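The following blocks contain the structures, represented as structure tokens.
One chain, subunit A, appears in both complexes that follow, with subunit B as partner in the first and subunit C in the second.
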Partner chain A sequence: MKILICIKQVPDMESKFKINGEGNWYDRTDLAWRMNEYDEYAVEQAVRLKEQVGDADLTVLCIGPDQVKETMKKALAMGCDRGVQIGDNDAHKREPIEIAAMIAGFAKDKNFDIIFTGMQSQDRGSAQVGVMVAEMLAIPAVTTIVGFSFDNGAVKVKRELEGGSKALVSTTTPVLLTCQLGLNTPRYPTLPNIMKAKKKELLTLAPDTGGVCASQETAAFYFPERKGSGIVLEGDVSDLADKLIQLLKEKTGVLA
Partner chain B sequence: MNFELTEEQNLIRDMVRSFAEAEVAPSARSRDEEEVFDRALMYDRLGELGLTGIVFPEEYGGAGADYISYAIAVEELSRVCGSTGVTLSAHLSLCANPIYMFGTEAQKQKFLVPLAKGEKLGAFGLTEPSAGSDAGGTKTTATKDGNDWILNGSKIFITNAGEAEIYVVLARSDKSAEKHRGISAYIVEKGTPGFSFGKKEAKMGIRSSPTMELVFENCRIPGDNLLGQEGQGFKVAMKTLDGGRIGIAAQALGIAQGALDAAIAYTKEREQFNKAIATFQGVQFQLADMATQVEAARLLIYNAAYRASAGLSYSQESAMAKLFASETAMRVTTQSVQLHGGYGYTREFPVERMMRDAKITEIYEGTSEIQRVVIGAALTK
Partner chain C sequence: MEFTREIYWNVGHGFTTLAPMYGLLLVALTVLVLGCLKRIKVYRLGQPLDRTDQRGLRMRNLLESVLLQTKVFRVPGAGTAHALFFWSFFILMIGTSLIVAQADFTDLFFGVKFLKGTFYKLFSVVLDLAGLIAILMLGGLLVRRYLIRPEGLLTKSDDAVMHGLLLAILVTGFLIEGARMAVTELNTPLALWSPVGLVTAKMLTSLGEGGLRTLHAGLWWLHLLLALAFIAIIPYTKFRHILTSSANAYLADLGPTGKLTTINLEDETTEKFGASEVTDLRWKDIFDADACTLCKRCQDRCPAYTTGKPLSPMQVINQIGEISFTNPAANLIDTVGREAIWACTTCRACQDICPASIEHVSKIIEMRRNLVLMEGEFPGEEVMTAMEQTEVNGNPLGMGYAARGDWAEALGITALAEDAEVEVLYFVGCYASFDKRNIAVAKSFVKLCQAAGVKVGILGKEEKCCGEPMRKMGNEYLYQTLAMEMIETIKGYGVKKIVTTCPHCFNTLTKDYRDFDFAIEVVPHVVFLDELITTGRLRIKAEPFSCTYHDSCYLGRHNNLYEAPRNLIRTAGGNLTEMAQNRDQAFCCSAGGGRIMAEENLGERINIKRVRMAVDTGADQLLANCPFCLTMFEDGVKGADVEAQLRPKDLAEILAERLAEQPQSV
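Showing the complex of A and B:
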């Protein structure tokens, strides 16, 4: 069984973000980097599947500059077998279709049975790359999965839908799955496995979008303006309730 | 020369920090207050993560990592819980490491492998009521009887005692020999007849780490449990403590870093005179001094750890690292309590625990005074 896991390196979301010089993205200097949270669920699920079936080969793919190798090492330490970095210093500027084209270009003749990836990245958050890859490879995609089982070639997943409802979906392979919070709890890479990851294959390929060109451009990147301070009501509890009802009627649609 | 950590060292820090914050930190306060050693959390989990044998080769159940990785692991555990940090340090540096350095192949297979894998916990018995800094004053005796040795005497202030399955113990095997030459090292297993535990110490800090007395009453151990050569015990002890100092220095560094992090977070939140107190230059100067000392301690420790892994001499460097890191821990935790004001003196905030935990790092595994003796002797020899 051949499995591909697509991961992205993103800034630690606790970082203090600054806007870059061009004003169209965040400044990448002085940030701490980690694996996109949703991709960690993807790696964990792939490793669990390998533990279940025994005979599986896990390739982890990441696009970006050399610094992404550290995040890839974490995926290798968690249990992936080999890594493929598409070395691209401009990856952060690329739009989802270019990223998807690079992944699909790599995967198209490799016959992966299952492709796992996060449902979106924590920084750009387009949630487009996974489904575009599936489309380009002409395989089904099931998004936002929070449950997964594999039995005798049949994949069964639980999807999270709006409003807390869920759906159970059965599919055959090959399939691409995008992983959502709640799917699993990613393991800590153990220390011996961190050391062994050093010896695993990590191939670097040149970026190739196969002729797909960008058609979107991020015009501006900015922080929302600070809103004015709220209204503080003071007085007796009974008066306060009346004032609150009045305000809700006047300023919101909560009360008619 | 390169001061950057390797990818592996960064991954190890990330892993241990995530584990420490998610699993160790939540119970640090209650374990301290109740003086509870939670073995499943503070040792078994470390074994599952491969931390109990970090520096030993894979063939002995270790991870084959370096001493900087070890220092990072102890630092990150101690950043949230000094007791968990010392559990690992005492186990690895003081028990597993002398068996790795001085043990026969059979001893390594029998004792080091389960220690490194985290299946058994280790401890070290050197200190006695009348032999602390003066290790040559050891009064516990080892008498040869056929192929066996018979131990009599007691050891005090032993970290991990009672919980540990394997003990490296120093005893006087030759009463007629010169003070330092008549001592040998032995491996003693918990459950050996004649080996029991005395009182559990009620301590100021590291209260979730068990500290007990070891009592030997005609305790018969096989000749195969002699560690190193007969009469070589003082050397075993000194080499063991060289490595141990890196562990305790890292523990002190972690405690200091935890107290610094707490001080920065608190002073940015706490408002007085309508401003966060971190905006006052007087507060910033204090934070700057604390951070500078913590960073200096870290570099001293990494240097000693680098030398240990590279096979260079590191006795003086580890003494300097331990001396500076432990005194830094005491200063930084005390200052952090001060910056927290009245809240810092309450047990609602973790800094009072950190201040209590810091004090022992200036005392055990060689007091600050003994570190100065080691450094001074090396400078003037």
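Showing the complex of A and C:
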């Protein structure tokens, strides 16, 4: 069977974020990059499926500048068979529909049985790309899966819904699944697999949205305003009490 | 009268004595050699390793640890008894050899007798007393093993055979002597030179000469057979340690202490990393099992074992031996057990005290390497997360890498990227860069340097973890990735000297990095500060305080730095009360061996146990020299509920609190 896994390289969320010059996205300097968390679940599930069925070919796809290859190597080391990079230095500016169009454009004649994606990206968080790819390819999509089983073409997944309720969905291939936290624990690549990954095929394609154009514009991009943030008092207990009284006097009316 | 005695008295010196005697000796030696060869075949299952360099030093180690019993002697009690027994038995062996040398060689061929006169008197009394001491020591050890039964001491059938045989050899020796003296020496001045023999002789006189002669001849042959049996069974019982532990003193790892072997990751033909079978280990690792005497000194000092975790260094060594000799294809990791493998803090207490020069830590690391590099396994998910965070941000805490130098912003310390003209590079380490408690240590250290007029630079956001916790956890790949990057960065700035506040960074930079063409001088902060003070660059005003001091494993046992930190405490006016386990016997804080990244879920908490030892000194402050220790102690004082009694602090903080007015810089 043929499986496609779509991944995205995102900044580590512990990074020091700054707003870029145009004021419409974050600045890319001083950031550490990694695989989008939800995409790691997608890769892991695909590799487990291959381990189950034996005969499967795993293609990992990533859109972005050359630095995304580093993240793709991790997916290859985890067990994907080949990589496809859509080399696009403007990927971070793209709308979900453009990204979806690029993926669908690549996948349309490849007959993938299952496409795994993350349920959303950690940076843009639109949660739209997966479902739009399925729509464009005219295949079913099941989102936010936290459980997966495969048996001879029959796919059974568990979805996580609002309020903690769960749903069990059965479907058949081809299908697109977007993966949620709780689906699995991604593996740590073994050294022989890291070595092998260095020699795996990694194609780079030119970006092609197939005529789909942007239709949104980011009007502003900003950190939330600091409104009445909390204060943590530190020091000796006796001083703390005095400080607290002072604060209550200055900032509130409770002692008035 | 001539002070001497007739050798082969009563048994005769003819063919009927010598032929069976030397015949049996030949048999015993053959059995011995065959037994050794059989075991050597098993040692050879291991991977090659050269331990024949620095032969002079190796020979000295061998002679010291065998003849002087230096390592055995380190633990009073059983160690003292063993040493005294060894020396006595060794003297008896020399004595017997002298007899053989005279009777069957110098006298036989050249008519030369040297066992006479004053020398014979001395010979007689020394051997007599040696026999007595040997019996007393052996008796003491017997009582210890079979009546006192110290906790954790493994007693096997070997021990009964060994104790019984040695005792029988010694007792028959005295009986033979007594029988002979009862007939030939009673009431002569010579008898006084064999006091124990004299007592035995007096007890036997009632047998009459005929009875004594029969008894003597019978016991003589029995004694001979026992002695030859002893020689023959050496390789088949724990007696083998006479050969193997001695050889191990020669074969010991000559350091640098605690440096691990570097895997060649460039070699693409390597398909297996670490050890999952004994055949993946080196031959010395299998040999170590044969050198082990089950003395349990390692186990008694192991922070994991003594807090109820499923790791005994002694067991690990013997499990390796057991499967090497019975089923070398068995899975080593399953045999030892994952929980045992992960529990090690690499504190080196086991290896340091081992009288048989056994290398425990590297074996555990090899098994960890296999688990991590071949299976992607870790002791827990939190460790895997720490590894991933280190890959992304260069620190196991998962903090954004770009903020690494933020702590120094207000101190006027800049990164080398901005100004590389510095006297020393301060390699800060992950904890002092990101952990609030340890940032205070970094700031104190910088304050001291600035007071002494030392221009310090840091790498700031270019610094990453040195890789030590990852390496000790088995992740050689991540370690090497980090090491290569750090070496390139540091060398790129032409740094002359590096100072660390983390002993793990220190040990790694100064030893492990040497495998990658890195030769820059690295100094731990306690030594650096001690030098600043002794050269008069830094002035500290002594203000009395009470404290105890924790020797971190990586400054202590790994680098023998015990005095510099104590000098600093004295300089600061500290009244130091040592914990019972100090210096090379110090008890680990729990965070070494990459355990800083792992939860401690089994048994009692090591850090709390150590904090309680500190509380027992009655001191107000627990001084440390390591960010991992400090972190564990801050946690430990909370866990032991002694926050109000005991403050953990780094030595740099104690000094920074006592800065005196500094001399004008020249």
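To be clear about the criterion, the second predicted complex is superposed on the first by the 228 of 256 C-alpha atoms of A that agree within 3 Å, B and C clash if a C-alpha of one lies under 4 Å from a C-alpha of the other, contacts with A are read in each partner's own complex, and residues count from 1 in each chain.
By our rule, contacts are C-beta pairs under 8 Å (C-beta built on N, C-alpha and C of every residue); 3 or more make two chains touch, one makes a residue touch a chain.
Here the structure is a predicted model, which means the values were calculated and not measured.
With the two structures aligned on subunit A, subunit B clashes with subunit C. Once chain A of one complex is fitted onto chain A of the other, the partner contacts of A:D30 are limited to subunit C, with no touch recorded for subunit B.
Contacts of A:E14 after superposition: subunit C is touched, whereas subunit B is not reached. In the superposed model, A:L247 lies in contact with neither subunit B nor subunit C.
Of the two partner chains placed around the shared chain by superposition, subunit B is the only one that A:K69 touches, whereas subunit C remains out of contact.
Of the two partner chains placed by superposition, subunit B and subunit C are both touched by A:P189.
With the shared chain A as the reference for superposition, subunit B clashes with subunit C in the stretch 438-446, and the other listed options (438-446, 564-572 or 654-662) are free of clashes. Put simply, subunit A uses residues 34, 188-192, 194-195 to touch subunit B in one complex and subunit C in the other. Within the complex formed with subunit A, the residues of subunit B that make contact are 7-8, 10-12, 14-15, 18-19, 48-51, 54, 58, 62-65, 69, 73. Subunit C contributes residues 265, 268, 271, 273, 372-378, 381, 384, 387-388, 391-394, 398-403, 461, 476-477 to its touches with subunit A in the complex. Note for the complex: subunit A touches subunit C at residues 12, 14-16, 30-34, 185, 187-192, 194-195. Interface residues of subunit A, counted against subunit B in their complex, comprise 34, 69-70, 73-74, 77, 188-195, 197-198.
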